[in-house]
């Protein structure tokens, strides 16, 4: 029986998600049963349609499953979210699964987000047209494949907290996403941070850590001792 | 003559720093002169002792130079900082230059920080002893070389916003820092973000972006529109 | 006809195992027949369910096959084992095939083992809770994917002989297991050793070499000349 | 005695340059002597100040040497050039040696160029301000280190023929220039081409091949048979 | 709905192509519908036969689809082209898909091309026999896999503008095409440029940028200011 | 002041060593002073002759320094050791520094060792001649550079516990030691384990962990609970 | 229509083989037809069973196809060969396809060979037992996967001309064969040469080049001018 | 004292050479003394001018040292050689040290060679002009850096036995010689073999193995049993 880190939410404010890659249906069902027995909800990530189809119907109908992002909420329905606090910006339509994983992870924690898609740098006007929209959000998740030039362009123009998520989109020298990852890390724009390739889930968790600092996360305020003192 | 991005501070809240690597003394002096003419201050990074020694005395005596972190403030003296808002945690004494670069970059922007050094995972009690100290800070910069296990340990135990800075410390399979970088990116602890190898400057800039969101940065408050509305 | 190293057990105390990857059913059956003709038992590793299904029934029913670990004992039934002398500790449920390969290899040589699963570092309490259990065993095999922080944490806290087995679990920068391997090799915890990625078989063989030194292996005592002298 | 390809200019319109890296002073002097004996001029590249200092004075005073670009014309003085036909655009002041190598190679073939420096993407306004200047030139050589975002930005906005020259400027994941090279090759902007890292010489040669096609190279017009027919 | 860069043609003279890799049939159909609504044509690349088969018949019969090159013109029929201005030279028959992608991209923009196949360096006479044919063309696209020796041989013998397209053909050390790419970039023949592995589309776009410079592109003349002045 | 893990010896039976790479003389002296104040001894590794020369004489004369192995005992003189329990076998004379580091680390913990040098596989008789000597020892440390064939040869012939230490000796494809490391990990000989490149210290620590299991380490016996029970 | 290098045999003594990887059945049939029309025989390599099954029966029945080595002679039957002149030695049964490709390539040129299989280094006696057999042959092709220790062992003991063929057999750090390739190249045994991973065909061609030098190849004697003079 | 493989010459026909890289002067002198005591000659390779200068004069004056090739014969003078049997062909003047190492290794074994330098592919006529000269030799060593196109060109045109020696000459993607090595291994020309980067010594040893097969080596004839029978 899997040993689940049920106290993670209390400890660091982020519940453990169930990474379904490499897991058999029986393992996934066992984990759902543990959550069910404790009356706990959970988020499943990297749940392919093949895996979902092989889960027994009893469990499947209690999931809110989204095929594009390969995520599921247990139990259904999806949680309600507040006003959007995060902008998820992407370079092309192939980045949709990763954008979806980020958005659904935020939603699982009650945080809303908006999507600004298809603003790759080859047509720079597309991102320039949306700059004012992007600047409205305290946290911006930028999702891009290929050479990842979008990371530097946005980080150089927008003062929000910006998280780069490279995607494994591309071919030849760009395949597997390592190029975009390195582009984010070596960016000449200051204060840009990165998460692993295709890690929409991780980018959302980083956003949640930051939003809690400011007391704007629906799940309660972080005790920013020094900061609240100097604000007094 | 170098084309300096003097408006960067106004645009994204972070002044352009002068990366001195690959620059000749004459280029550095020219950049200082441009700042002097406009009455602007600046931060110099990656300024080796060899480079510092070759700068003319007129300029050198106007710098506040720190050899360990290879940084300088122009003009001297160093800016005053407020209460510490960032904890800089490191695995070993070889990480000191990178820790220093982060601390001095924060100081340049008026933000205080504390140092918690030598808490590598081989003696786990060292970091466990300091956990409560670390948890007090909204932002934690973790600096580590070798296999980078410290990143996962802290991110799994502390709910603050955590930035990993891998260092090029180690030998054999660990040389050049790529191992620690990948350890941070692949960490099983959620919401950990990373910057480039040895990039103390970048980690501080990321911290500054986040602190501004919460209105606790000395350089003024970021307009977090959606968040302030839902807080009302 | 395959040239089998039947004397290996006598020479170095470890029988040759049959690595079934890249082998056709006919090759596997031929090797079984050679063992059968000499009245010898053998261990088969990396025997996929597809391969097992294509072996003729005559041979298949004489195998003790375990699908998770992809191993088989010939002839069935499985050998009996003594008290557990090895702890097999793993980070997540995806590491199960490799843990199984290690446990079954030990069992083939008559050595018992226990499993301590799902104690990844993201929830550090899980491994801390089991430390006393782990410390009871002279040999500890640690199996972990992703960034491999578990290797350093255990090796820094437990004085037993510790073998790291990185697994090819993960995605992005962690894919293929090389990250965990390097983390084990570059660990700041002293005296940790590593075997190849996913090599559960090899970790068990290393454990067997060590257990024989102490005279606790069921297959007889190693002639530790200097040691037995100083023990006299 | 070196076997020089004296007919290269006649064959493909580009004279052989002398790559001085790995060459001893005596080898360089011998090559100069061969050119001198035939009354031929030549271009020397990668001639460090150390190498230049060790060449005998007789030869050195007949060179037009430029330390920044590490190039020399033989014999001095430098050739005269026509109106600028190539724009050399660079991201930062550290790219100056490569820009210089490109400009001097063009000059050796009689082609003028202009320099547009310090327009890195972190301050996007810098390149936007110069777009109209850049668009005036049929051929644009873009020189950039780090993550190479400048390549995509310019190639997406300018219809000229654009050659990317990645430089070995940067540290951590960007060191050695491979990141910028791959960024150019994987760019989402169409029709961008690349040359080797730091290969200012090669970028100029590519520009020369193109300029000759249009009949605007001072060294004569290329016979574009099919094209001139369809233009009739 | 995808955000299409419809102005790209006007901005840089090259229409946006639809890279179908990673796209679902519904996404492709949506993009076709957008073009249809505006009366615009478009080029589809990397459209596999599997993808083509899953597009609804209404749209499929309006495509001119070519399976070898995995490209389609929308709407059918294929555009008419002028006299050939580009030679596409390849090393072996396995390079055919990439050659086809280049030829069809040129054709989409109204530019004709010829194919010279199977002239790999192992039988050097094959390329020597065709040198005079190759020299007739202002632009030469060389497509080769394996060790890419063909790039250097042609670039050393032909003065045209030459674009290297490495292909992911080969095995062992040559697999994935990176070897051929590096061979092109490190070539000792001057002025050779490269595009990404398998990027037939990109090579054609580079050719189109160059042909426009000379005023020989059917889609109108580029304003080569300095050049036209010196030609006057 | 460095935070030293003084309890490591009690916790896992191995004292913390001082890795002097990347440390300034003042840092090293400070660490020595901390040990001196507590009356503790320590081992220094990777102490180059340059570093040793820059340590103040007061401290230096209290060190037992060995230049070949770059190690020092504090305080001098070197500890006395018992009968040799470990064989250190090497391929060539260039491996001497790593062999020395292993031998001195063992000696620091009171364990004797013998050296069997220059038995590389190119002259296979050399290692065959010494097999009986090697087999006498419970633990064998094999040190080899280049292609590391020595690891497989010994592990296939000797039943002792065998630790491979690849060295960064070689050139071309063998440079930096990664080839030998991988050869050890992928060895077809069962039960071979590896430590990091050039990590003589780590191999000795692994040996010490094993020797304690058998109760033959001078520093006391490990409590092998299960084993001693089944031996009863 | 493919451009076949029919004169290769006359030029360098080796006929062009048809590498079937990446080729469609129609392409293969076309090439066979060209050979048929000229009354020429040919060797097909890398012809998978899937490809063979899709060739039309008319052509297939004229092939002598061997599934293990994935080679075919056209036209059937296989050519007759002379006494064996090459020993093909392999480490394990997984190397059989590559051994077969080498043997069949030799046979196509009329040269006989013997096979010595399953003599991997883990059981060193296996290769020692066969040394005298191996030494009888002027040319030895050694085929091995994993860490490739067999290459060094044989090259250090046998004075024949030895060609290493690494195979893509193994997993973890050994996958894809690059480890064995580098082991051959970095071998401490002198005068060992290597061909590409899995390149049985290439190793046979190298053997044929050498055998012709000695006048022992059935296809006639190479004109070894200097040698025949000194032999006179 | 070093354990020298004095019987290697008798065993495989090639004496052990002394690789001086990583060796101290005292080690080198000790090895010379061992040879002197037995009246044996030896070849020293990779002996830098710095190392040579630090050897005591007594030994140095008994060496025939060549600085370019970094080799020495002990004792002086150099051995006499027969008619040239090997052609050493190189791409550029930077390849001279490797060519020299090959030539001197051949000379040590009494075999003569000729040098054909500076015939890189960028000027193809240079190698075409020398083809007939090259074809005269049974064995051809080709030495080239950068992209290594010379290997394929010669192996496609010359039927001799051809050994590729890639050199670590070049920059950017070509640095360290791995590109040229892979180009040789992946060459489309059949029967080409490779040795390690910069391994002039190894190429000569391979040549010597081959020459002995044909009975043309001055050190006696190899017993080619099968071959001499079929020649009878």
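So that you can tell them apart, the chains are marked A, B, C, D, E, F, G and H in the order they are listed, and the count of residues begins at 1 in each.
The working rule: a contact is a pair of C-beta atoms (placed from the backbone, for glycine too) under 8 Å apart; a residue touches a chain by one contact, two chains touch by 3 or more.
What you are looking at is a predicted structure, and each value in this text was computed from that prediction instead of being measured.
For the self-contact between subunit E and subunit H, the two sides draw on mostly identical residue numbers; the shared fraction is above half.
Using the average of C-alpha coordinates as each chain's centre, F ends up farthest from subunit E. Taking each chain's centre as the average of its CA atoms, subunit A and subunit G sit 52 Å apart. Rounded to a whole number, the gap between the C-alpha centres of subunit F and subunit H is 37 angstrom.
Rounded to a whole number, the gap between the C-alpha centres of subunit D and subunit E is 25 angstrom. Counting only residues that touch two or more partner chains, subunit B has 16, 122-123, 155-157, 172-174, 181, 185-186, 190, 196-197, 199.
Chain pairs that touch one another: A-B, A-C, A-D, A-E, B-C, B-D, B-F, C-F, C-G, D-E, D-H, E-G, E-H, F-G, F-H, G-H. Contact residues on subunit E toward subunit H in their complex (touch as defined above): 91-92, 120-124, 146-149, 151-153, 155-157, 170, 172-174, 179, 181-190. If you check the complex, the residues on subunit H that touch subunit D are 93-94, 117-119, 122-123, 125-126, 169, 171-174. Taken together, the subunit A residues at the contact with subunit C in this complex read 2-5, 7-8, 16, 21-23, 27, 168, 177-178, 181, 196-199. The residues of subunit A lying in touch with subunit B in their complex are 11-14, 16-17, 82-85, 136-139, 155-163, 181, 185-186, 189-197, 199, 201-202, 205-216, 222, 224-227, 229-231.
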